[in-house]
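Chains here go by letter, A, B, C and D, matching the order in which they are written, and residues are numbered from 1 within each.
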Amino acid sequence: MEPIGRKRWAIAEGYIPRESHGPAPELISHETACILNASDVPAHVSITIYFSERECAGPYRIVIPPRRTKHIRFNDLSDPEVIPRGTDYSSVIESDVAVVVQHSRLDSRQDANALLSTIAFPADP
Amino acid sequence: MEPIGRKRWAIAEGYIPRESHGPAPELISHETACILNASDVPAHVSITIYFSERECAGPYRIVIPPRRTKHIRFNDLSDPEVIPRGTDYSSVIESDVAVVVQHSRLDSRQDANALLSTIAFPADP
Amino acid sequence: MEPIGRKRWAIAEGYIPRESHGPAPELISHETACILNASDVPAHVSITIYFSERECAGPYRIVIPPRRTKHIRFNDLSDPEVIPRGTDYSSVIESDVAVVVQHSRLDSRQDANALLSTIAFPADP
Amino acid sequence: MEPIGRKRWAIAEGYIPRESHGPAPELISHETACILNASDVPAHVSITIYFSERECAGPYRIVIPPRRTKHIRFNDLSDPEVIPRGTDYSSVIESDVAVVVQHSRLDSRQDANALLSTIAFPADP
């Protein structure tokens, strides 16, 4: 399939709530970058995390096989370091082939969960 | 009316929750692609679903009449195959005329429902 | 201020829930198009509603004064006709000066309210 | 890093709920503009607020250091004036270097919180 997307994306919002209600892992509060690689070659993706009070974390490296999607939980990123909970951050996502990125959060701090989602910002080609 | 939209869109987020609270069909957990065909000719739409661990499903074919909208529940797609619940996916939507695509989810796994929505990613013209 | 936005926008998602919990008017389930006119002249806006099973409704005409925003509840539109509840629709918003459009819904059908919001689709200039 | 984003953004939706449930400050109803400055120089940002019934408020001035993000709560803006609660508004965000802006709200008026988020509208370069 003809490549779809961009090679550089940004998500300005980022925050992993400290608390959760409901069964794990499904209803644990989490923050996700959904990345679609609709191309016919693997996408080598690197994620850099920006904070308000310290230097960046990362890059976190992920490979997305051809014609596959990965819903990456920021909660699970651990190499080179875990992303702190209850802390504001942003992310920049870079790939060697065009991908599509969408940002979502499930927040289950209170009795019923809340959701947000938005297309990430596609950097100019 | 002058055509509005694009012929190719992507939704990187996709997930149909397994559980629901509240009366069916309105409050069943569901995932929707809202597609507006504001043009004066029918739009022949095909949807391809991408997964993290297997090859794509589809294409699912839908016709949207002139000057009509269709809010397509991914839950209801069954030909060529049903989309599994509780599974990460992404979708690419292609049309022979320009359309506008928005993605929504109603998640009623817990007592009160949660909603998300975003414009889909419009591929470059 | 230099004009900001576009003259033509589309919102593919549209649905006014029939039920609500909580005090009116604040927590009545509602669907909103927030329209910002940052320019120094009035914006003459017309909204057309698209359905899945019938011809369009509208145009609904609204004037937004210079340097003002209007958060238009679709629930309140009544001329030329009320928008039916519990019915799928989409909307196209046209203006004679550039404006910015964002779509939101508050859904209070269950005990706790749910929210969604997205930037509308900006038609190509 | 190569600059990412735009120098001018708009958020058409804006509303700070008057009430909240849950512990402060985390679960106070709030409205946020998340601004990422991925560049290597400070970003001088100014925010102007538009209302439906009065002239604009602002500019509110914020500096975002190089390679930092700021999640700015509209609730906290106080110079030149506090933003009224329970009132519709929109915002325009201008910066001297490219930044990325995302809009979020946490609404805890009812027992469980609700969330919305969207990429802001990036003005044409």
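Heads up, the rule we're going with is that contacts are C-beta pairs under 8 Å (C-beta built on N, C-alpha and C of every residue); 3 or more make two chains touch, one makes a residue touch a chain.
If you're wondering where the values come from, they're calculated on a predicted model, not measured in any experiment.
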Intersection of contact partners for chain B and chain D: A, C
Copy-to-copy rotation for chain C and chain D - C-alpha atoms, rounded to a multiple of 5°: 90
Self-contact between copies chain B and chain C, residue sets same or different by half: different
Centre-to-centre distance between chain B and chain A (centres being mean Cα positions), rounded to whole Å: 21
Numbers and ranges of chain C residues touching at least 2 other chains: 110-119
Residues of chain C that touch chain B when the two form their complex: 8, 10-15, 50-53, 55-56, 86, 88-90, 92, 103, 105, 107, 109-121, 123-124
Interface residues, chain A side, partner chain C - complex: 110-112, 114-115, 118
For the chain D and chain A complex, residues of the former touching the latter: 1, 4-5, 21-22, 26-27, 32, 34-36, 38, 67-71, 100-102, 104, 106, 108, 111-119, 122, 125
